[in-house]
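Below you will find the structure I want to go over with you.
Note that the chains are named A, B, C, D, E and F in the order they appear, and that numbering of residues resets to 1 at the start of each chain.
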Amino acid sequence: MSSRYGIIPRLKRKKIQETLATGKRMDGRGLGDYREISIRTGIIEKAEGSAEVYLGETRVLVGIKIGVGAPFEDTPDEGVLVCNAEFVPVASPAFEPGPPDEKSIELARVVDRGLRSAEVVDFSKLCIIPGKKVYVVHVDLYILNHAGNLIDASAVAALAALRGAMKPVYKIEDDEAVLTEKKEPLKVRKLPVAVTIAKIGESFVVDPSADEEEVMDARLTVTVDDDGNICTLQKSGSEGLTLDEIKKAINIAVEKAPEIRAKITGSE
Amino acid sequence: MSPRKKKTKWERIDGREWNELRPIRIESGVLPNADGSAYIEMGRNKIIAGVFGPKEMHPKHLAKPHMAVLRCRYHMAPFSVDPRRSPAPSRRDNEISMVMRYALEPAIFLERYPRSSIDVYTEVLQADGGTRCACINAATVALVDAGIPMRDLVAACAAGKIDGRLILDLGDYEDKKGQADVPLAYMPKLDKVTLLQMDGTLSTEEMEECVGLAIEGCKQIYEMQREALKKKYGIEKEEP
Amino acid sequence: MSSRYGIIPRLKRKKIQETLATGKRMDGRGLGDYREISIRTGIIEKAEGSAEVYLGETRVLVGIKIGVGAPFEDTPDEGVLVCNAEFVPVASPAFEPGPPDEKSIELARVVDRGLRSAEVVDFSKLCIIPGKKVYVVHVDLYILNHAGNLIDASAVAALAALRGAMKPVYKIEDDEAVLTEKKEPLKVRKLPVAVTIAKIGESFVVDPSADEEEVMDARLTVTVDDDGNICTLQKSGSEGLTLDEIKKAINIAVEKAPEIRAKITGSE
Amino acid sequence: MSPRKKKTKWERIDGREWNELRPIRIESGVLPNADGSAYIEMGRNKIIAGVFGPKEMHPKHLAKPHMAVLRCRYHMAPFSVDPRRSPAPSRRDNEISMVMRYALEPAIFLERYPRSSIDVYTEVLQADGGTRCACINAATVALVDAGIPMRDLVAACAAGKIDGRLILDLGDYEDKKGQADVPLAYMPKLDKVTLLQMDGTLSTEEMEECVGLAIEGCKQIYEMQREALKKKYGIEKEEP
Amino acid sequence: MSSRYGIIPRLKRKKIQETLATGKRMDGRGLGDYREISIRTGIIEKAEGSAEVYLGETRVLVGIKIGVGAPFEDTPDEGVLVCNAEFVPVASPAFEPGPPDEKSIELARVVDRGLRSAEVVDFSKLCIIPGKKVYVVHVDLYILNHAGNLIDASAVAALAALRGAMKPVYKIEDDEAVLTEKKEPLKVRKLPVAVTIAKIGESFVVDPSADEEEVMDARLTVTVDDDGNICTLQKSGSEGLTLDEIKKAINIAVEKAPEIRAKITGSE
Amino acid sequence: MSPRKKKTKWERIDGREWNELRPIRIESGVLPNADGSAYIEMGRNKIIAGVFGPKEMHPKHLAKPHMAVLRCRYHMAPFSVDPRRSPAPSRRDNEISMVMRYALEPAIFLERYPRSSIDVYTEVLQADGGTRCACINAATVALVDAGIPMRDLVAACAAGKIDGRLILDLGDYEDKKGQADVPLAYMPKLDKVTLLQMDGTLSTEEMEECVGLAIEGCKQIYEMQREALKKKYGIEKEEP
């Protein structure tokens, strides 16, 4: 379906495909190689948790703010987690200031769904006074440079930030929640890792660069938990995948996940 | 041991077999003002879809010189859920609108209509689990009804897991209480999956079984879509 | 003032006027004839009330949702009714997704004013705990196909939906409202019927089609209650009306209203 | 028995006769930067109107090839009512903006200015019942002040019913406590009603009487509008 | 930097500068002269306070509304003051209906900062029940005609309106605030006056007209309190100022302020 | 008696001298996708700035025929303050965006790029008092990094008053508890102040001293900006 592309992307695609045919990628990586990942935590001292992740030149900063608020009506005994993504205009000439667009909503939703599906945080432990006061955990994904594969980088950054996050301790006095000076870890139970696979022609590559994303046929993000189970899938891109291709992508993801997880656990 | 063999006294909340679709009713050509339209009931889901186009893109700067732009909207009526929801689109609505577009794009000969737009609007009048799949099913029929040339029909349904068992086509309760939900869209003739999402926890084997199960469901829905179109047109309007 | 129209509407108008001169309308109706009305209620089982109305090809779905909320400060003992109209983009190539425009606001307001003026619902019966908790009744008008005269169709649909609506019963325990399993009818006291008359040249027609609305000079909607009293007027369109024309339109409306009301009461 | 004969000891809250207008003061040409403007006090209503145009329509795609487009805005200052209201336009504001446009359009030779816009802004500085009518009265004077050619002036006031009696020009209290409110706009020379709304309950006879009563009120206001324009221009700027 | 202007403003600027060189301004004023100020208070009887100010042809109406609401979390014992500016579209062909733009936000913020810096209102006196209920004072600036120097005119109008404002009196019964019939003055403790100086070429003028604002290089607004202290500065405009120019502008402001303050105190 | 002589045992909360800047770290060229960029730490403020342009203005109707349009955005990350703030721009953000533009405009040869836009985005990642000055410092370095020809660098810092004493470069606590805050931006070579705001209460003498004090601070920051640019470019990219 390359006829759908303009002339420049078509040439770019041709170039990329030719290189892939040799078993290499434009930036020299192998098809199954991630770019270098580096993680720094605790850099926003005023936030309850934070992490900055570089995935090659892709750069994501995640800040965790923990406040209190009312629980949802249908889960009065559980805390609340809200995930939000900002495509900061410094990150790309293509980003504009303004309310979140389709792509940033998808990013926030996929990361959010990954955290929920894997039950990363025990929401029942985030209740202060049932039905009245619970912790509200804000996970703000801040994209500072967009060089492809924002989902995987953001998922790592969110986990790293949550892992290091401290929540203020409340004590209950006369049925009122009183803030104390103490802080305690938020506690992260699992480390679900998002692995994104792009299909370009007949090739499958992990951790697509911005150029590869521009010309890819389809993309599948697979979130894999500590036990090798799948906890989120998200396909996008304008081409379909066969059942075999899906299986192949899932297998790649399950294989790559531990390598990325090790980066998170090793970041302290 | 496949789930096929596990089947025992265990029962689904609405009494269905583990691999049984909910009752489905599809009707095409239900909206006189749209270029194409369809109505679907899938369980208690009630969804209407309307298609406008191909037509000149407005605003012009969004047009593409090589192909038509497909624009999809997933929207829920305020009264479709409990409690009432605001008519303003939520972030979930926006995400679903996007994956719907990805699900339908591969099926349409967009390259035949440069500089044009094809607008697909789906309205959930009542929601009962699996609305995005039901919307894709209705949208596909509406696209054919609008005379848009298609490579294949797109059929969609979910598979998932509840009480440790894999099941087809989750209802609202199963969606909320289950361990996993895998909505999937599929083009049977081209044998391609165009929508694939998942939330929950599944082993890779279960995951693969779910995909297979959902594909089987899609094949049944595909026949119903053809039936609905035949009913209206005598013959099916499809690319040869 | 036909000079204000473009060439196509001018021709359309000429055609319509010529037909009207023969005492008939383009679709064969007499000047005082409504298109066929059909009403189905209870079709959205999850809503507290619902009705779908076809008026010829015009199609309106109304859902009633009943929740609880705080009363307005100046009416602490009364429930709240909110009327909202969505011009769903499937209903017409002219409709765009987005926030309500002028026309949909007018539609919602005219239906809303009709329900209020006729005191269709006894708001004092919608109070649960004075000053604190009252029923909030949402009437959502959903336009699914626009073939003219949305006001009359919507007013019928709103009434039919309200008539069949059941509200959840609360009991008061220790000054707290507790939801019970029981439901009881919302109770509709009156059936105010909206009758819309369009003036085209010198002719007056009821229930204007989309084509007629496009070329009409003025439109008067008259809401008539069970006793033949007027409870809402709404003139629109860019031409004025004489006192005699107003009287004529009101008389037509008072005459037609019982016929439409019978459709509602007969719809069960 | 007409209301004229029913008049007894009963008194209106501000002591007016049943068919008496509130004190009205109109001034034209009050805003140096507007092409035309007017200020009105009608009871305790205080309203300012400004007109800009005819001028090239911006954005262009809203222009009409055969006539000018009249755009009206009804807006209330946050401090005009109790309690304070948000400055963002409400749905009621939008509806009134629309009926104002319908009320004024028939009076203007729009067809003389193809591709143009005429913008009428009315600002309610203090509200006291009957603001939409007061706005129309001010807007009309502002339109003439702007030199816009008019077929006729548009005068507006309401009639209604309180305590079972028909009355002219309802104040805020009468509006809220009364049984019916019938705002109406009227072109005296052309004998046409251009705004007609009603809320409440009236028999058809009462309805017709209210319309007649409001028309009489409009005729008085019409004279005051002419007076305000004469004061400024010596002669009235009107179409012959 | 006059090359940055289009041809018309360049000619206008040239004309204005030539006149300034003679020690006069286009409208005949001296460089240090304000246009005539007139103040009328109490004209919106339904508001708790109001004032209309004419500064030449610039016309600003300010309404004060006093309601009750919750305090901010970090100041539970203090009332709230909110300043908002509307550039009403009647005021200038350049104003469009819509949400506040940059210029109207600046206006509201500068007036607001002036009121706060000078501690015009004693916020601790605006508390009804600590932590629960406080007075909320809305200062709405309504620009009715824009003929330059909106800040100074608005600051005068805000003060005059606040000076005359009456707040409803609440009494405390059983820990509840009960509204009484009584009203008492809001009380204004200081009268900070904004003086705006425009720099055009080498000249400094006070109270710039709309034409002067169009061609000015820089603008400095200096708010001066009753004791001759500075309580707000706001520079705008695309040119810089030297330290000496800043001193000069401040001195002009301190000199002019009493003259304007006398207008406010003399307005009763 | 100048504040220089008043200095006694009194101490600032972070132990600084009254006329001492907080530790500052500036780095340029930190964002690969921006045409120019810079990162600054000023105390605990952490700010990143990106510049795009000069480029064709979009939308076109905002372009100026004689010069480039400088657009500035001041934005705070939701996690930059306590408690979390909404990512939607506040009125304060809008005001600061505007004064930032005024602060930077005089330094740029805008007239060399008619019909273009130069977009400066500053993001406050952590806020600690004096963010607007820190943003201007970073934006200036980012502008040079983008190769935009400049008349001079713009350096910014605040002076103010706490406990009756004048101080340089207020931190968050001093900003909130102090009697006055005077943020200022300055072009050292051209000796011009391009940003000047003030809130609080100061006598005219104190005011003038504060301005002088802030200018001295700016001169120090200017050297650090030059240093940061030299580090990257070896030589400073500046107009001769």
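In this text, contacts are C-beta pairs under 8 Å (C-beta built on N, C-alpha and C of every residue); 3 or more make two chains touch, one makes a residue touch a chain.
Keep in mind the model is a prediction, meaning the values are calculated, not measured.
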Which neighbours do chain B and chain C have in common?
none
Treat each pair of touching chains as one step and give the shortest count from chain C to chain E.
2
From the centre of chain B, which other chain's Cα mean sits the farthest off?
E
Which integer distance in Å separates the CA centroid of chain D from that of chain F?
52
Determine the centre-to-centre distance between chain A and chain F, using the mean Cα coordinates as centres, and give it in whole Å.
33
Distance from the mean Cα position of chain C to that of chain A, given in whole angstrom:
48
Chains listed in ring sequence, where chain C comes first and chain D follows it
C, D, E, F, A, B
Taking the complex as given, what residues does chain B use to touch chain A?
65-67, 91-92, 94-95, 97-99, 102, 105-106, 110-111, 182, 187, 190-204, 207-208, 211-212, 215
Provide the residue numbers of chain C that touch chain B in the complex, in ascending order.
43-47, 50, 57, 59, 61, 63-65, 67, 84, 86, 88-93, 97, 99, 138, 140, 142, 144-147
Name, in rising order, each residue of chain D that touches chain E in their complex.
31-34, 37, 44, 46, 48-50, 52, 73, 75, 77-84, 87-88, 119, 121, 123, 125-128
Given the complex with chain B, which residues does chain A contribute to the contact?
1, 3-6, 100, 102, 105-106, 108-109, 113, 116-118, 220, 225, 228-243, 246-247, 250-251, 254
